[in-house]
Amino acid sequence: MGDLAWIFFSSMVVNNFTLMLFLGLCPFLGVSGRLDTALRMGAADMFVLTMTAVAVWFLNAYVLAHVPYLRLIAFIIVIASLVQIVEMVIKKLSPVLFRELGIYLPLITTNCAVLALAIFQTNRGYGLLEGLVFAVGSGAGLTLALLLMASIRESLDLADIPDVARGTALVLFVAGGLSLAFMGFAGLLSSS
Amino acid sequence: MSAPPLLVTASPHVGAGDSTPKIMWNVVASLVPVVLAATWFFGPSVPLVVGAALVGAVGAERAFGRRGTLADGSAVITGLLLGLTLPAGLPLWMAFVGGAFSIAIGKLIFGGLGQNVFNPALLGRAFLQASFPVALTTWPLPGTAETWWALRGDNFALPFASARVADTLTGATPLGRMKFEHQPTALWDLVLGTTTGSLGETSALLILLCGGYLALRNYLNWRIPASLFATVAVVETLLHALAPARFPDALFMLFSGGLMLGAMYMATDLVTSPVTNLGCWIFGAGIGVLVLVIRLWGGLAEGVMYAILIMNALVPFLNRWTQPRLFGTTRIAPGR
Amino acid sequence: MSVETHAPEPGPPAPPPDVAPARLLTVLGVGGAVAGTLLVLAFGLTLPRIEANRARALDAAVKEVLRAPARYDTLFVVNGALTKTAPPGADPKKLEQVYLGYGTDGRPVGFAVVAAEAGFQDVITLIFGYDARDRKLLGMKVLESKETPGLGDRIEKSEAFVAQFAGAVAPLVGVKGKRSKPGEVSMITGATISSRAVIRIINKALARLGPRLEAYREEGKGNP
Amino acid sequence: MSDELSHLHCGAGGGPVLPGRTVTAQMDLLKGLWRENPVLIQLLGLCPTLAVTNSVANSVVMAGATFFVLVGSSLLVSLLKRFVPNEVRITSYILIIATFVSVAEMGLQALVPEIHKALGAFVALIVVNCIILGRQEAFAGRNPVGRSVLDAVGMGIGFTIALLLMGSVREILGSGTFLGVSLFGPGFEPWVIMVLPPGGFFTLAFVLLTVAWARQRRAARAAAAGRDAAVARRAA
Amino acid sequence: MLGRLRFRHGVHPPELKELTARVPIRRLPFPAELVLPLRQHGGKPARAVVRVGDRVERGDTLGEADGFVSTPLHASAAGTVSDLGLWPHPDGSYAPAIRLAVDPASPQALRPRLVPEWTALEPAGLVEAIRQAGVVGLGGAAFPTHVKLSPPKDVKIDTILINGCECEPYLTTDHRTMVEYPERVHLGLRIMMRCLGVGRAMIGIERNKPDALEAIRATLPKDLDVTVHALEVKYPQGAEKMLIESLLDREVPSGKLPMHVGVVVQNVASAATIAEVFETGLPLIERIVTVTGRGVRRPGNFIVPVGTKIRDLVQAAGGLTEDAREIVFGGPMMGAAQASLDIPVLKGTTGVVVLTAADTKPTVSYPCIRCGHCLDACPVFLNPQLLGQLALKERWDEMATNHLADCMLCGCCGYTCPSNIPLPQLFQLAKAALRKRPAA
């Protein structure tokens, strides 16, 4: 139980995918301009991450032991098809949700966070439950970072940013500040 | 009768009499006793370290800022506050770098006064902490040098050079001792300030008084420290009642470390705290919870700085969620 | 990569006029086959090297924490006991392993144990040598950690810190300042969490494996 | 994978070629260095740029691996472009890229195990590096082999330049060393933050700031020159 | 039910009413020239019905009402129309105005009754007589009174509130009216209650006018259901929405009018004027104006003909001091600064405040430091901080979604802003920009 809690908080804040490991930067920089899109992106991320965790556990347990050299190809194909399937299912079941998620689902395919989750899960030898907790924690971390960045960027819309700092440079400065702040979580739940 | 040169301005034609520079310089003035007290405890290193941070901050504002922004006093506050979060023995060049970073990256990159997301002083402090972790966690003991005049560390280390090991006695902060050795510190030492710690972390009482002055003049939102103290006190009292051996009592938590300085001066930074009163209550409570989480379950002994920075990032959120209820919208007029 | 920064692209190349499913399958099949061949080839070429690298790294670490034994055996932890041979059917790579070193005189000098747990930033993996007879540590080496550079990473880089583990009596106790008892380890100032994590990892591993190691020594008496 | 995806996300700017201008091999090669630098100008592949540049050695190896994958897949994609039906275009590209990445990863693991360990998952993550898929979509998939390879080489060098820049700054300031060689002696106090995640963000932000500043300066100067020229023409 | 006699938020500017609070109202001699802009009230301007050279007697009609939300304009003195053209208007523009050369020889005597005897009239007739007399609200907004007294059929009015707050600093017009003419206030109230058929009325007066409270209480008619209440001294207690909250604990819904919560609010000066109109038989041609501030030598309260120029008023108050810097029509919180001494007093001008250099606010402003003081001040609970930032970026539409329409430009946010950001001005600009935009 303690281990699961540690996995969750470690992946959510201590080793936050975006702010500490630089994963999923593309949506972080690309769709963090507005709060509602950020929220949807986070939700989509979370969903795909969880699905991936299950699929990767299955792959690792039953397939890749025999063909280790196909690991990367298997992961990327599984993720891509997963996203495609999820997209189709959502489209069928809930057109409203599909419209809400819009372009964010396909974007996730090339989101390095998902592939990284698969690789980390494999390297660390997580079981199904651990993998799920890890995925949910990472997804929560991604969403948290996205939401923070989006709300900050919305408020910075009204600031008089110097010309040279406008755009990505400013976002990176803010990300650096967030990353610095998140360093405070280091060692969470591992001190006892 | 000839017409005098008439001024035509927009209403209102009278003001409450406060001005931004006046607020800022009042904050500066209220910090002077804190600096003096720190000097009393830690000797001539204090004006040196605070001065270096101040020069860094003011220099950056002068170099990169818009014309005439020095007079508003905000850069001076940042420099002073940063200086007060540093240990007495810190090499001056580091304090200078911290001050310059605070202003240049913490403030000017966002467009200057009023636009920044994070508290500049704390961002500079976090930068220094991440850059020079050893120097920033070497705490001289107060009043232990042979003479008051002795420096409490290698203040004059060359730029980019490490500090040489000084012969001043150093020790763990009360929080560090509690966390890693389970040794309590007498409450009076915490209140008066005769403990190790960064310059402005020591005398809780003095900071409470100086901050109280600002609160009385409405130069800070008293709701932030109030909700912060209340949160820490309530949660910590409960935890202490559950497991007295594991969790220290609430008074220790309130008076140790940077909580007072953070609550009165950092969290209440007007620019980086919520504009709404409800937002301020939540903001203070959030800081309180995060401080406890980091202090009790995290890897660091002290978490005030990080707690405030994280809550700073949440401020746009809070502002959005706690918009005031528009007059005449939800409440149904009674008697109709 | 960013969504908003590029100039619009001219459309994709015009699709070939006829896309027969047969051709599609052929191309994919051939492509897959080529890719597969390439992969298997690379895998076959690199695998020995990779395995050798791993083995060399482990070998060096075991020898370091056991203070240069004459030789060592690999033992497997199976159902709470140590065995020299993996049970049939089990993949030896997936079993937990400890390493038993022997001196030049052929007598066992101690066990090397790999253990991992959460540190300050992320999981710390380390190996330590343990003399089960005297319940003394022989040495400690961090295999993998992401602790703060300049602070937490001194658990592997500070020679003074690492050296304390040789001869320390288990269970270990972390202390601030100078150590005064043989079981004490003086922690790194400013990196208490990392230091304590190392101590905790060793103590936990010994609590779990210690009795087994001692038991193995008993039954393995005179075995070599 | 759907087609629109590549355009939404990875459709890297190959830069429309102006009609009536001959494109020389030199231009194919050189544009990636600065004018269309994948990292500094197009802001692609930021994840590895931030994640692995805490030392020069890591940056070099990462850049090398990416270079290998980029050139290899551009070559193959350009060779095969006539045989690949449009429907499975992206899938095939990804397959090719993933193959090369797998090879590169195994190679690194065999040759430089220490650095491979330090790079961690980021070697495998080259698969989703947008520079690579972007070049296939924007260039290799529609240009002859020679030009495609030149383009890939140019882009690869551009990526390497960016990584080296970041790696040098971060290692020199963060550790006081260059490629592990101490530069300032033992008295130097390293700025540890530079090798930590926030330092990555700050360094890249500074680099982009400088790039923006340089471009602004250049634009201003060009505008001034244009004005001067116009004045001179009118005077003449 | 009674309210808590106060409202939430608001500010406490220094009152400075002691300059004129005890100075009795004095009638001024007629000036040589009067200027009567055709737009003196909310709604459409009046239409001129005289020509240059026409001789008019005191009380004659100069302009006719142009539509329902409009009022006629009357000559405030006997004289000759000397010009019909553009003249500086207190709102800062040049507007059509009638210039009247006052006949120095005329006795300016009361003419035979122009307004009928009120006791003889039915409610509809009363409202019509009030309309004919050109009566507008004298609290500053100058909204035609007859409109307020003719609510739509589907609205039920249960209470009339008489606004004696006079919360703007400096001004003492209402104060002196209540002290010197309490019976007029009551008579006006009686007439309005008859117009609306309402049985209940309340008079709200800020606590800082004990003599006015006493005078109004002492003369309270016994046969009417009228109560007098001392209210908290706070700006803008006199704003309709705030007064209704204080007295009745009702919140006027956003975007609605007082009548939607069953209330009509009238200023004490308006009530007194209605009474006076029926007493004297003359239409609204003169009013009480406070000329005050440290920039004039002898501040006082004066009865002046509508159309009197600042120049004449200031002269009556002893002239300007050396350090007079700014002349404001109305109170310093909402009033408009005037650029010339030729600007005339309108029906709605409550006072002329002359500020010295020391009284005026500095003109330099600083960036917003998000102190939140404006949120604590705004009586309608807007977020002026956000609105101000949006205004600086000219994001009008977002301002509209943030309820700019509910802003009544009371000036509390600007008063309290330490960075001296001209928030009310920005909001006025934004409102204008949004008005100009074609409704989508």
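Going in written order, the chains are labelled A, B, C, D and E, and every chain counts its residues from 1.
The definition used in the following text is that a residue touches a chain if its C-beta (ideal position, glycine included) is under 8 Å from a C-beta of that chain, and two chains touch if they have at least 3 such contacts.
Keep in mind that what you see is a predicted model, and the values were worked out from it rather than measured.
Under the contact definition stated at the top, the chains bordering both subunit A and subunit E are B.
Farthest chain from subunit C (centres taken as the mean of C-alpha atoms): E.
Measuring from the average of all protein CA coordinates, the nearest chain centre is that of B.
Chain pairs A-D and A-B differ in how many C-beta pairs are in contact, and the one with more is A-D. Comparing the centres of all chains, each the average of its CA atoms, the largest separation from subunit D belongs to E. Our note on geometry: subunit D versus subunit E, Cα centroid distance of 69 Å, whole angstroms. Chain centres here are Cα averages; for subunit B and subunit C they lie 43 Å apart. Averaging C-alpha coordinates per chain places the centre of subunit B 49 Å away from that of subunit E.
Here the CA centre of subunit B is 41 Å from the CA centre of subunit D. Shown for subunit D are the residues in touch with two or more other chains, namely 8-10, 43, 46-47, 95, 99, 102, 106, 129-130, 192-193, 196, 198-199, 202.
Looking at subunit A, residues 25-26, 29, 69-70, 73, 107, 110, 160, 165, 168, 170, 173, 176-177, 180, 183, 186-187, 189-191 sit in touch with two or more other chains. For subunit C, the set of residues touching two or more other chains reads 1-3, 5, 35, 39, 42-43, 120, 148, 150-151, 193, 196. Pairs of chains that satisfy the touch definition comprise A-B, A-C, A-D, A-E, B-C, B-D, B-E, C-D.
Contact residues on subunit C toward subunit A in their complex (touch as defined above): 1-5, 35-36, 39-40, 42-43, 117-123, 148, 193, 196-197.
Considering their complex, residues 3, 6-16, 42-47, 80-89, 92, 95-96, 99, 102-103, 106-107, 109-111, 113, 117, 129-131, 134, 137-138, 141-142, 174-175, 190, 192, 195-196 of subunit D touch subunit C. Residues 1-3, 5-7, 9-10, 12-13, 15-16, 19, 23-24, 27-28, 31-32, 35, 38-39, 42-43, 45-47, 49-50, 53-54, 57, 144, 148-151 of subunit C are the ones touching subunit D in the complex. Here subunit B touches subunit A in the complex through residues 105-106, 108-112, 115, 117-118, 123, 126-127, 130, 179, 290, 293-294, 297-300, 303, 305-307, 309-310, 312-317, 319-320, going by the rule given at the top. Across the complex, subunit A is touched by residues 1-2, 4-5, 8-10, 43, 46-47, 50-51, 91, 94-95, 98-99, 101-102, 105-106, 121, 124-125, 127-130, 133, 193, 196-202, 204-206, 208-209, 212-213, 216 of subunit D.
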